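Each of the two complexes below includes subunit A, the first together with subunit B, the second together with subunit C.
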Partner chain A sequence: MKATIERATLLKCLSHVQSVVERRNTIPILSNVLIEASADGALKLMATDLDLQVVDTAAATVDTPGATTVSAHTLFDIARKLPEGSQVQITAADGKMLIVAGRARFNLSTLPRDDFPVIAEGELPTKFELPCATLKQIIDKTRFAISTEETRYYLNGIFLHVAEADGTPVLKAAATDGHRLARVTVPRPEGAEGMPDVIVPRKCVAELRKLLDEVDGTIEVSLSPTKIRFDLGTAILTSKLIDGTFPDYSRVIPTGNDKLLKLDPKSFMQGVDRVATIASEKTRAVKMALERDRITLSVTSPENGTAAEEVPGAYTSTEFEIGFNARYLMDILGQIEGDSVEVHLADAAAPTLIRENDTAPALYVLMPMRV
Partner chain B sequence: MSIRRLPEHLVNRIAAGEVVERPASALKELVENAIDAGATRIAIILSDGGLARIAVADDGCGMARDEIALALERHATSKLPDELIEAVETLGFRGEALPSIASVSRMTIESRVRGHDGWQRTVDNGVLAGEGPAALPPGTRIRIEDLFARVPARRKFLRSPRAEYAACVDVVKRLAMARPEIGFTLEHDGRRAMAVQPAAHRAERVAALTDRALIENSVPLDHEREGVRLGGVAGLPTFNRGVADHQYLFVNGRPVRDRLLVGAVRGAYQDMLARDRHPVVALFIDLPGSEVDVNVHPAKTEVRFRDAGMVRGLIVGGLRAALDAAGHRSVRHVSPAALGMWQPGGSAGASSAAGPGAYGRPIIPAPPPPGPAQGSVFDHRADFTAPPMARAEPADAAPPAPGRYPLGVARGQVAATYIVAEAEDGLVLVDQHAAHERLVLERMRRAIAGGGVPAQSLLLPEVVELDEPACDRLEARAAELADFGLELERFGPKAVLVRAMPAMLGSGEAKGLVTDLADELAAYDEALSLKERLDHVAATMACHGSVRAGRILSVAEMNALLREMEVTPHSGQCNHGRPTWVNLDLKDVEKLFGRK
Partner chain C sequence: MADGQDSDGAAPVRRIIHVDMDAFYASVEQRDDPALRGKPVAVGGGSMRGVVAAASYEARAFGVRSAMASVTAKRRCPDLLFVKPRFDVYKAVSAQIRDVFAEYTELIEPLSLDEAYLDVTDTVGAHGSATAIAQAIRAAIRERTGLTASAGVSYNKFIAKIASDQNKPDGICVIPPKRGPDFVATLPVSRFHGIGPVTAAKMARLGIETGADLRARPLAWLQAEFGKSAGYYHGAARGQDDRPVRPNRAHKSVGAERTFETDLIDLPDLLAKLDIAIDAAWTRVERAGLRGRTVTLKVKFADFRQITRARSFAAPVASRAEFAGAGAALLSALMPLPLGVRLIGLTLSGFEGADVPAGGQLGLAL
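Now for the complex of A and B:
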C-alpha cells in the first residue's frame, strides 16, 4: 500500500475514529486503526471496540491500493505533531508502515488487516432521515440522565421508540438513571413507522454527538432490533444496541401534580449554584421552601454552615418544603433554553415534573431528596 | 421389634457421645471439676494429644471413699446443693461427665479429703477394675487412659495427635483465663507446654496466655448496666491480628463461644480496623444466674441470655467507651524487627560494608540503574553561584518544652512524610497523612452523626428479591435503616422494594447493598455494611481532604497536628488499623548506640 494524504485531512479523519479505541485493550488489534487505500483515490479509516465502529473516508492520492492496521493513538499523536500543511506519505509493506512527512520519518509496526474485526451489520430494515439539528437536540437534552451503573445495564443508553401522542405520530427519546428522567418528543420521521424499541448505548451517543458537530443537513439512520447505523456523509457509525428492556417510564411521569411554580431558569440555576457551594460534595442537598410568590433556596452543611437565597418565581399553591440534589437540578435547568420554566410539584416525596411549557419537546422528571 | 429399656452401660456410652467427643472435651470436664472443687493449683499431663493419657491433679476438696463410687454413677453430683438449676454457680452440674468418660476409657480416680486417707478406684470402659487405698496429697488425681479404645467409630473421627493436642491447649487456656487466681501447668509428652502462676489480675493472665505485649497495648474494661457487669481487656485497634482467634468471652467465669461476641466486637471496632483484621479481646460478663441459661448444650459451650440485645449493647458500649478513653493511644513500641533495621552510620557503616548482611542490608551505595541515564544539572555545578548564606529573618517563637504533651513537640520532618517529635520518654514518629486523614474522618463522622443522612428517592424503585426470613429481618429494621437514608418496603413475601438510597452513595448499586445487609442481619444482628459504606465514602473524602505525604509542613503546623491528635478519640490508628504514630523509647535509642 502506498498513498499520500494532506496532514489536515488525515488528522480530521483520525480524530473521528480514534476516540472509539479504548486506551487499554486485551485484544491487541483493537488498539489499531484499519487504513484502507482503494484505487479510486479514497483512504478509509476504521476503528472499533467490538460494540461500536466508526468508518471515515477521505480523498488521497493512492499509488498502490492496499490495507493495514497501526496503533490508532500513536498515529493520531504523530498526525497531530506533523507540521501544518505537510503531505503525509504512507507506505505499508512487510509488517511495517512507513510514514514520511517533510523530513520526519516514522516506521510503525502493524498487525495484519485480516485479523481486524468488522461488525456485521446484517439487515437494517428500518430506515429514516433525521435533520442534524433534531438529532443533536435529542442527544443534548437526554444524555445527562443516562445511568452509569452497570447492574441496570438497560439504563445505560437513550431509549428510542415511536408512539402516538394526541393523535400525531411521534418519535420519543428517553433516558433515566433511576433518580431523574429526561424525555424528548419529536415528530415521527418518514420511514420510522413500525420501528422496534431500541436502547442506544452511552458510548455510541457520545461518539455520535462528536461527529454531529461537523456535519449539517440530514442524517440517515438505519436500524434493526440489535444494531443501529448512522450515516453522516463521509463518516458512518455502526453500533450494537443494548439488549434489554427499558422500563415502562411513562408510568413515572406524574400527571396530577397540581402545584405549579413558574420561574426564570437562569436566575434559579445561578441561585442553586450559589447556595450549593457550601453543600457537602457527596450529597449536594438543596432545600427549597415554597411560599406565595417567594421561593427560598437553602443549604445546611454540618461542616460549613448555612446558605440561603431568595429567587423570584410565581407560586400560588400551599406552602411547603422540598429537597433536591443540586447537581440534578442544575443539569435539568441547564437544558432549558427559554426564559421561563414550569415546575409541577405534588409533595416533598413525589416525583416533580419540569418543562419549559406544555408544548416544549423536552420534559424532565426529578425525584426529591429527603433532607 | 419390641421396645425395651437400654442397659446402663449403653446409656452411658450414648451420653458420652454428647459430652465426650474428643480428648479436649474430656479434659474440659475434668479441669472444670477441679475448679469447682476449689483447687488453687491444677496440673495437667497429656500424652499423645490426650489420646493415650490425660491426667489432672488438683489440690481441691477431694472425695471420700464412698463418694468416689457415687461419682461414677449417672446424675450424681456434689453440685446444685439446693437443686436450683436456674441459678447454677458451678461450672458443672449435670453429673454426667465422669460416668460418660469412664464408659469409654480406662479411668483411675485417686482422691483424699484433708485429714483422711486416700482411696483409689479404677474403671475400665464402664466396668469396675479395682480399688484400694492410695497415697497422695489432699486433692484429687484423675487419670484417663486409652480414650475411645473400644469405640472404634469415635476413634476413626479423631484427628491427628497434634490437632487434638492443640484443642486441649485451647480448652486449658480458656479455663485458665477465666480463673486467674488458680495456677495451671500443662505437660505434653514430658515437655512443659504451659505454666501460669496464680495472678492478681485478669489482664495479666490474659496477656500471659495470648501475647505479653497485650498488657501495654490494651485498655481495661469495667462497665456495668442493669446488674450486668462487663470486665476484661480490649486490645488497641492497632494491636490487631489476621484471624479472630484471640477473642474470648466468659460468662460468669465460664468460657463460651457465642456469635453474639463476633458481631458485637466487630461493631465496636468498626471503622478502626480493616475488614480482614481482628482485635484481641477477652470479655468477662458477670450477671445473675437467673438472667442466663447455661443448660443449653451438654458441653456447655453455649449459653442463652434472657436479654441478648442488652448484653450486646453492653459489650459494644463498654468496648467503645474504653477505646474512646484510650484516645490517641497507638501501639507503644516499634517491633524488634523494625529496630533491627536501623543501621549504624559513620565508620561503623564502613566496617559493615566488609561483611554485608550483618545489619540486613549492605551499606554500599547501589550502582546506578542500567538504561538511559538522566544527566544532572549539578554536573555543571561551577556554573551556579550560591545564594548569599546570611539572611535576617524574624525569630520563631521558642518551641514549648517537651514533656507537657504526650505526643511531644515537633522537631522536624523526614522525607516530607513523617513528623519527628520529641516526647518526654523518647522519640515519636507520626505518619502525617494517616494522622490527618483520621482527624478529618472523625470530624466528618461527627458531622454525619449530627445532621442525619439525606436520602435520594428513586424514580424507579428497585425490587430486590431475597428469601423470606431475610425480608422479615430487613422489614423489622426498616425504621433504623431509614435513619441512614435507606428506605425499604416489603414487596410481596420474597422481595423488598428500595424506595430511597443514601444520597452519599451516589447512584450506587441497591441490590448488592440490600443483600449484604440481609446477610449481616442474619449473622450479627446488626446492619454494619450500610454504616461501613457511608464511612467508606466519608473516608475517601477524608483521604482527599487531608494533608498528603510529601507536603512540607512548618513546625507550627506539625505541632498543631500533634495537639489535635491528642484530643481526638481514635486518632492512634488510621482507618485500616495501622498506627498513625509510633514511639521509639529512649531506652531503645540507647540500645542502638550500645549504651545499654
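Now for the complex of A and C:
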C-alpha cells in the first residue's frame, strides 16, 4: 500500500474514528485503525470496539492500493503533531507502516488487516431519512437522561419506537435512568413504518452526536432488530443495538398532575444553580416552596449554612413543598428553548411533568427527592 | 526487579486465590450426622419436583450432580439419602470461612456461601507466597469447621477458578503466569467458566475442543461466530482475564421463591403459596436490616416462561403487611393467568444507601 494524503484531511478523518477505540484494550487489534487505500483514490479508515464501528473516507493519491492496521491513538497523535499543510505519505510493507511528512519519518508496527473484526451488518430492512437537525434534537433532548448503571443495561441507551399520537404517525425517542425520563416525539419519517423497537447504546449516541456537528442535510438511517447504521455522507457509523426490553415508560408519565407552575426557565435555572452552590453532599437537593405566585428555592447544608432565593412564577394551587436534585432540574431546564416552562406537580413524592407547552416535541418526567 | 513486578512499571502480576469448599452442603450434613458419613447423600427436596442442591462425593460416583432433578438422581443412585437443606447452618459455616479469608486479605469476593475469590497481591509479602496463604487458609478452614476446601492459585480469576477444581477434593493447584497459556491450551473448552453446554456443542461442531483450538482462531472469526463473547474467549484462550476481585458487593435485592408440587392457576391457591415465600423473604429482609422501596413479583409458568412485575413506592416498605399487600396486588393484577404456575417469588430491592443517592432521590416506577 502506498498513498499520499493531506495532513488536515487525515487528521479530520482520524478524529472521526479514533474515539471509538477504547484506551485500554486486552485485544491488541482493537487498538488499531484499519487503513485501506483503493485504486479510485480513496483512503478509508475504520475503527471498532466490536459493538460500534465508524468508517470514514477521504480523497488521497493512491499509488499502490492495499490495506493494513496501526495503532489508532498513535497515528492520531502523529497526525496532530505533523506540520500544518504537509503532505503525508503512507507506505505499508513487511509488517510495518512508514509515514513520511516533511522531514519526519515514523515506522510503525502493524497487524494484518485480515484479523481486523468487521461488524456484519446483515439485512437492515428498515430505512428512513432524518434531517440532521431533527436527529440532533432527538439526541440533545434525551441523552442526559440515559442511565449509566450497568445492572439495568437496557436503560443504557436511547429507545426509539414508532407509534400513533392523536391519529398521526410519530417516531418517539426516550431515555431514562430511573430518576428522570426524557422523551421527544417527531413526525414518523417515510420508511419507518413497521420499524422494530430499538435501544441505541450510549456510546453510539455520543459518537453519532459528534459526527453530526460536521454535517448538514439528511442522515440515512437503516436498522434491523439487532443493528443500526447511520450514513452521514462520508462517515458511516454501524452499531449493535442493546439486546433488551425497554420498560413501558408511558406508565410513568403522569396525566393527572393538577398543580401547574409556570415560570421562566432561564431565571429558574439560574436560581437553582445559585442556591445549590452551598449544598455539601454530592447529590445537591433543592427545596421548592410553592405559594400563590411565589416560589422560594432553598438549600440547607449542615456544614455550610443556608441559601434561599425567590423566583418569579405563576402558581395558584395548594401550597406545598417539594425537593429536587439540582443537577437533574438544571439538565431539563437547559433543554427548554422558549421563555416559559410548565411544571405539572401532584405531591412531594409523585412524578413531576416538565415541558415547554403541550405542543412541544419534548417532555420530561422528574422524580422528586425527599428533603 | 521485585518479584511480581513488571519492569516497565505496568500493573504488577496479581496473586489470586479461588477457594471452593468440597461438596459444601453435603459435607456439612455428613459432618453433623455420623450416620451419613461414607454414604451417598443429596441435599435438597426428595419430592417429585425437588432438585439436588449438593451431592456428596459418594453420590457423585453414581453420576448425581447438583441442579439435577431429584427423580433423576434417585434413578441413578437408588440408595441416595436425601437431606433437607439447613441454610442457617451453611450460613454460619460460611461466616467462619470468610473470617479466615479476612485474616489474609481485605479483597474478598464471595461468589456464594462456599466459594470466593481472594486477591492477595498486596499481602503476599507478609506470608511468603500466595501458595503458602492458600495452604494456611485450607488448614484453618479444616481446623475451625472440620470441612475441607480446595484452592486454585493463579494470576487471574479465570485460571484460579479452573485450578481450584483441578485437584478436588481437598487439593490445591498453582498455575504461575508462565504456565497459564499452556494450562489453558490443554483444557477442554467446556471447563471454561462462561462456556456452557450449548456453546461447547457449537464449538465442537466448529472443531474447537480445547483451549489450544480456541486460541488458533483469529478474533475476527470468533467475532463472526460468537459475537460479543468473542473478546472474552479470545482472552481466555490465552489465559488472560483482567477482571478485578470486587469485595463487598452490596445486596441488590433480597427475597424468596417457592416451587410447587403441582402447577397452580387459581388466585387463592397462589396467594397462599405467596404468603409462604413472603415469610421467608421478610425474615431475610429483617435479618439484613434493609429498607427497600421496590417489590418485585416473579412468576414462572408451567412452560418455564418467566415474568416479573415490580412496583416502587415513595417510601421504603416498612412492614411485612405492606410487603405482602404489594405482592398480593401485583399477583392479582396478573389474573386471569394464561397457564399454570410452577414457581412464585417476591423480592425487595431499591435499598436505601444502595442505588438511591443520599438525600432520598425517589425512583420512577419503571
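As a convention for this text, the second predicted complex is superposed on the first by the 370 of 371 C-alpha atoms of A that agree within 3 Å, B and C clash if a C-alpha of one lies under 4 Å from a C-alpha of the other, contacts with A are read in each partner's own complex, and residues count from 1 in each chain.
One rule holds in what follows: a contact is a pair of C-beta atoms (placed from the backbone, for glycine too) under 8 Å apart; a residue touches a chain by one contact, two chains touch by 3 or more.
Treat the numbers as computed from the prediction; the structure is a model and nothing was measured.
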| item | value |
| --- | --- |
| Clash-or-fit label for the pair subunit B, subunit C on subunit A | clash |
| Partner chain in contact with A:Gly217 - subunit B first, subunit C second, else both or neither | neither |
| Subunit B versus subunit C as contact partner of A:Ser147, first or second or both or neither | first |
| First, second, both or neither for A:Thr300, with subunit B first and subunit C second | first |
| Which of subunit B and subunit C A:Pro351 touches, first, second, both or neither | both |
| Contacts of A:Pro247 with subunit B and subunit C, given as first, second, both or neither | both |
| First, second, both or neither for A:Thr176, with subunit B first and subunit C second | both |
| Partner chain in contact with A:Lys282 - subunit B first, subunit C second, else both or neither | both |
| Identified clashing stretch of subunit B versus subunit C [26-34, 404-412 or 458-466] | 458-466 |
| On subunit A, the residue positions that both subunit B and subunit C contact, one per complex | 149, 151, 176, 178-181, 247, 249, 252, 281-283, 285, 323, 325, 349, 351, 365, 367-371 |
| Residues of subunit A touching subunit C in the complex | 26-27, 29-30, 50-51, 114-118, 120, 149, 151, 176, 178-181, 240, 247, 249, 251-252, 281-283, 285, 323, 325, 349-351, 365, 367-371 |
| Residues of subunit A that touch subunit B when the two form their complex | 147-149, 151-152, 176-181, 247, 249, 252, 280-285, 300-303, 323, 325, 349, 351, 365-371 |
| Contact set on subunit B toward subunit A in their complex | 443-444, 446-448, 450-451, 454-460, 462, 485, 487, 500, 503-504, 506-509, 511-512, 537, 541 |
| Subunit A-touching residues of subunit C, taken from the complex the two chains share | 218-220, 223-224, 228, 230-231, 234-235, 240, 242, 252, 314-315, 355, 357-366 |
